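In what follows, structures are represented as structure tokens.
Both complexes shown next keep chain A, but they swap its partner, so chain B is in the first and chain C is in the second.
The block that comes next holds the complex of A and B.
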């Protein structure tokens, strides 16, 4: 046998720029968990993982005609560069939308962004140097954690319970950070139907939070993408409606209209708004102008308030289907939250189970979820998972919970077989504990 | 030229845990074939596949499916039933190669001691005693793997007996059968075997040096996380022995067209780890590196494999 005789030996890591990347990109690697979500996109799999809004019932034909007219009649403007702060008419409309949640705002204090995700990015880059601390709920939105990490910020997560972030835990976290010389830049919070837990801050807790922020001289970044999607009980006032100097408010059309336009905003105190506008200009020159025209057209020509009512009814049905399915299918020892709006339920499994290592079994059983560890910066959350009820139909949601119930049953059986402790807890519909103290080192 | 072959259907995706890798491999193969002027259709494995093949003129399938139905031979058996020629090993041969509990005992090359145990046996016989027996028999450290999976998914190195139950649970998350092998420490290499009508030929071994020390999923598919040396920086004697092992495995399992055998070279020479009938073809995969090291063109190799399959299906070799 003769081997081919190559001329040269190649020694490569297949990335010539590996030593050139910024330090903040370290950790941006392919992961097996992310790869498994590729299977979740197949129709055979009931995906309770993604947070995609269900926009199937939008009047697409009429919207299409309106956008065609927009291009025909105002295309020269709509397809041109625009203002870094966002178009004036868009900011006017945004104040009308925020008024639905009792937020009094002037259009001059609004900065339009490419989804509220980019608004969070602008806020973080404006306030944070590497090593600064951002406080967030434990657990918190995975996309926010990713943004914070990108700016090399230390994330300190603060315990929450069924009424939201725990004020005393917040005090202790801030004190601990400051005691070691850390600069706490802001608290990031999602008061309504929090992602991932579905928990809503009570009114009393909101007042306490504002009081603590004053007491500690703390800035709050309030992320409120789901605020208009209350499906049970009365909507609660936004933190920004209680304090217009200490709260930066982030809003979005992604859940109340459609996410593809990528239009969100930040409402900020005047001085901060100036900084955000400059940051926006440096990042994008201007947020998407055509999308702003399209959304303004929608808000102007369509009954968007009625559409939100329709969304609420649809999501209520899906939320109910998920809670029903969980009640029918979850083994003893599992607990879950009872969201009064938004998209998510937070499930807690018995001690010993690990939602991340169980995910391949779930995918084989054709159901997917997001493991709880995704929502913690420090590896906690292994017993948890986020379940989304926004996208699948009610029937699919119930079927998904049935499959998930079997997977958890099997996993429990496996742990018992191998003598790995799977303790039981009271089957109550709350699961959030105060957890360990945050690590400030 | 290409019209003689008809349409190449690159199958990628599927429902296995390695769907994402498969889609990336599929895109790369499809593009390489298109760059050479071939008519290529990319398809997932769906209920519409039989119709697609029935309505595609003179199809040749290039399966780039990793794990599950794509690699275990089931889909290839279906293609045989449909009379559609395809690149790669037959259904039965793929089945032999894919399942580690079947493959490792079958091959006669140097290999690690292995036990394969289903989930159910631990439940029926009691896990604690069985775990102790396994460690007594094989010693430590061990490698625990799902019997029917790839890309290092569900694989764990076990250094302490207390860690074995958790490693087994991780492997059983990917299937009902796990294999437990004595851990082999040494230089990791992969040998690609191709056969484009002139008999099986081993390409230069590619050496794998993961930055973090473990060639896991992240190290496999994130550029920059693993250092590859092609041809491997090993002795001529080991290079010859690795090539011989790749060819022997290819022959003993009855594989055809293309295979990749993973090997660890310890102090006594090469040890067989596993073989793949649908190896990865992504930007960070080993086969394209081996092809380059052999001074072959990846697109030309893909085209040659398609021509071979076409001829096997009764077509001419003109394509």
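The block that comes next holds the complex of A and C.
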């Protein structure tokens, strides 16, 4: 066989496949959150950045024994291929969990996913062509924005106030999109203890949103990972409990049990559920099967409701520590939200400060957060940051707010002295992606 | 608030969201394989249809104890969020497994996925825009065709012979596509014990394929789930072991350990690996974390190489049973492949018979298979069927071939008597999707 001279891609460009990637990859970049992980995970840094739940108090010995028995007695099923829609017993259990939030659902309408992130991926895949519009709160969950971008969707963020997304702003956003011929595929919303703001939609606001969705013929995707983690006041009914035709509900075991099993779900109107199942089969054949057996074993043999109460008490203590720490340590001019559940507080700094350019100095001072810009599709949020109270201990949280307070203090001093944001002083800049400066020890 | 009359989608059409789905959903339909599962799983049916591995002989008691210890001692990590690329220790273990096939790889270039199906999804997502071409063997794995369709890719299938894909046919297919301006993104190939044909590429053929890929500047996606399950002759080197720049390798623990953990992987050139990791983060945040700890525990504490030898011996017995059964029971005019590993035999029936229309009668005779048409994008394969020898016992396999032989015999009788394929006789037709006829007991 005589061959022509082979093309040696390696010699010509750094990435030989650069001209062959799909268009959808062009918008995908390393997220601010991911770049943070490499530095913020060091033990000396108080990370108020990550959203990892604290699962240290799970009864591991007993869970281990229960799962050993599962493998011994039913391992041939638990370790085998499973259903693309998810195992029937798992979907049954999921309806019991959702009943805690007044949702009446049939197991047939549940599609199990590899974490609720994948449920969001499947929903976006099912509904969105490139150029379609998804509406989301301003700000909104960074991981959702990433998924929407991966499907080349245009993200339109809608103003929220302390009771959640503003109905009139929603109307205006939809009208503006439709006026230019854009197809609005759905509203993505996190009604409870929103990520990143910690804001919860009031009951009245929920009713208004459902009414506006009817008025505008709008599909709602309700993302509710923290719903059962109310730590103050009464839990409010899920949007899905108010409308079973116009709401796709996304749930997760990551915060009420443990994230490592990667089990979430979508509850969808019947016809949509069928599309999601087909999408799941094409994406993974089946969501994690063993994980479903393990979680069902846990739900069946342990008092999971009591565990959720224990989680609530633990997170309440941590939230209180954070609010106390912020009150004691933040300079005048800073404001923050008062979450009644979930994991996050949203901090707003005085005019002139920039949370993104401040971050390297914060990490040098051994405290980390997520800059507000991560949660906007359009570069807003520079005065904001997301502070998590889920993972560090109460003591560490208070210490974190103390360190953060000092950093903001110093920034304000710089601002007053030089009249500019210190972050623009080139010499002080550090490149996060190459790791923290050596003076962090 | 005064609202206009709400639009009631429910009243107007059966699926109220029918006009809002993405274009990519239009090609997604329930696969022949899936429709089969509902009937073929009945215990009275010998299913030669499914591709489920036989994991009955895994040491479940001991695995259960090891995983209980894992949860007790390292549960706080194993049940927590993990890395989007996959846990470092898992990627290290994966390179050890690939070394069995002469692949030298660095753990940095491995991306863990939710089964190798998801690795294929991520690769397709990363490379393919709608209308792009993927080349595949004719026939090829039904699940891969489904994934490609979900990304609105044009599938071009290339002829194969008993040594695998035909290089000259590959050249001609690429030339034909490029002549009309189509972008060929990659060749998808299963070199070992191919699904569905059981054919293995010879060493010389592998070298030719790599040479042609260089000549045509073509990326190869090598799917190798059965690679370690050689049951006759010597294992051949993976394509990836011959070219680390132009081959993306997909692997899986589903057949060498157990599928329920849903852990597969892609090994990709460095720049591609980075894109795949970003795609994984947007799709699932992280592949199943607990599963990775569980599989690593298994690989670390058990003699997994000895388990693979045991699997080979077991599957060899089943393959021999199937070849023996086919020799004894198939009418003249039928031919079949002689797989040297893996799970599948590909049967070709005499001219005039149709495996799809014959299937309801086969299921009535208590034997199931997958019709050949499932493995072609263009309706070919009607005289073929895929027969699996992985799951039923040797005795059941022989009995299955006996039943199948009778069905084909009867079909041939009908064909000789009426001069037409019996499947076209309306009265005999049964609708598979509504389940088998009541006379199956």
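The working rule: the second predicted complex is superposed on the first by the 396 of 441 C-alpha atoms of A that agree within 3 Å, B and C clash if a C-alpha of one lies under 4 Å from a C-alpha of the other, contacts with A are read in each partner's own complex, and residues count from 1 in each chain.
Here is the rule we go by: a contact is a pair of C-beta atoms (placed from the backbone, for glycine too) under 8 Å apart; a residue touches a chain by one contact, two chains touch by 3 or more.
Because the structure is a prediction, the values reported are computed rather than measured.
Colleague: Who contacts more of chain A, chain B or chain C?
Modeller: It is C that touches the greater number of chain A residues.
Colleague: In the superposed arrangement, does A:14 touch chain B (first), chain C (second), both or neither?
Modeller: Touch status of A:14: both partners.
Colleague: Under the stated touch criterion, which partner chain does A:44 make contact with: chain B (first), chain C (second), both, or neither?
Modeller: So A:44 only meets chain B here.
Colleague: Is A:357 touching anything from chain B or chain C once the two structures are fitted on A? First, second, both or neither.
Modeller: After superposition on chain A, A:357 lies in contact with chain B alone.
Colleague: In the superposed arrangement, does A:138 touch chain B (first), chain C (second), both or neither?
Modeller: neither
Colleague: Regarding the shared-chain residue A:24, is it in contact with chain B (first), chain C (second), both, or neither?
Modeller: Only chain C is touched by A:24; chain B is not.
Colleague: Can A:228 be said to touch chain B (first), chain C (second), both, or neither?
Modeller: After superposing on A, A:228 lies clear of both chain B and chain C.
Colleague: Kindly classify A:288 by the partners it touches after superposition: chain B alone (first), chain C alone (second), both, or neither?
Modeller: The answer is second: A:288 touches chain C but not chain B.
Colleague: Which positions of chain A sit in both the chain B and the chain C interface?
Modeller: Residues 1, 3-4, 6-7, 9-10, 14-15, 18, 29-31, 34, which sit in both footprints.
Colleague: Which residues of chain A touch chain B in the complex?
Modeller: Touch list, chain A to chain B: 1, 3-4, 6-7, 9-15, 18, 29-32, 34-36, 38-39, 42, 44-45, 357-361, 363-364, 413-415, 417-420.
Colleague: Considering only the defined contacts, which chain C positions touch chain A in the complex?
Modeller: 1, 3-4, 6-7, 9-10, 14-18, 20-25, 28-31, 34, 52-53, 55-56, 58, 60-61, 63-65, 67-72, 75-82, 84, 114-115, 117-118, 121, 125-129, 132, 143, 146-147, 149-150, 167, 183, 185, 208, 211, 214-215, 217, 219, 245-246, 254, 258-262, 269, 271-272, 275, 278-279, 281-291, 293-294
Colleague: Taking the complex as given, what residues does chain B use to touch chain A?
Modeller: The touching residues are 13, 15-21, 23, 44, 119, 122-123, 127-128, 131, 151, 153-154, 165-166, 168-170, 172-175, 201-204, 211, 216-218, 220-231, 233, 239-240, 243-244, 247, 283-284, 289, 292-295.
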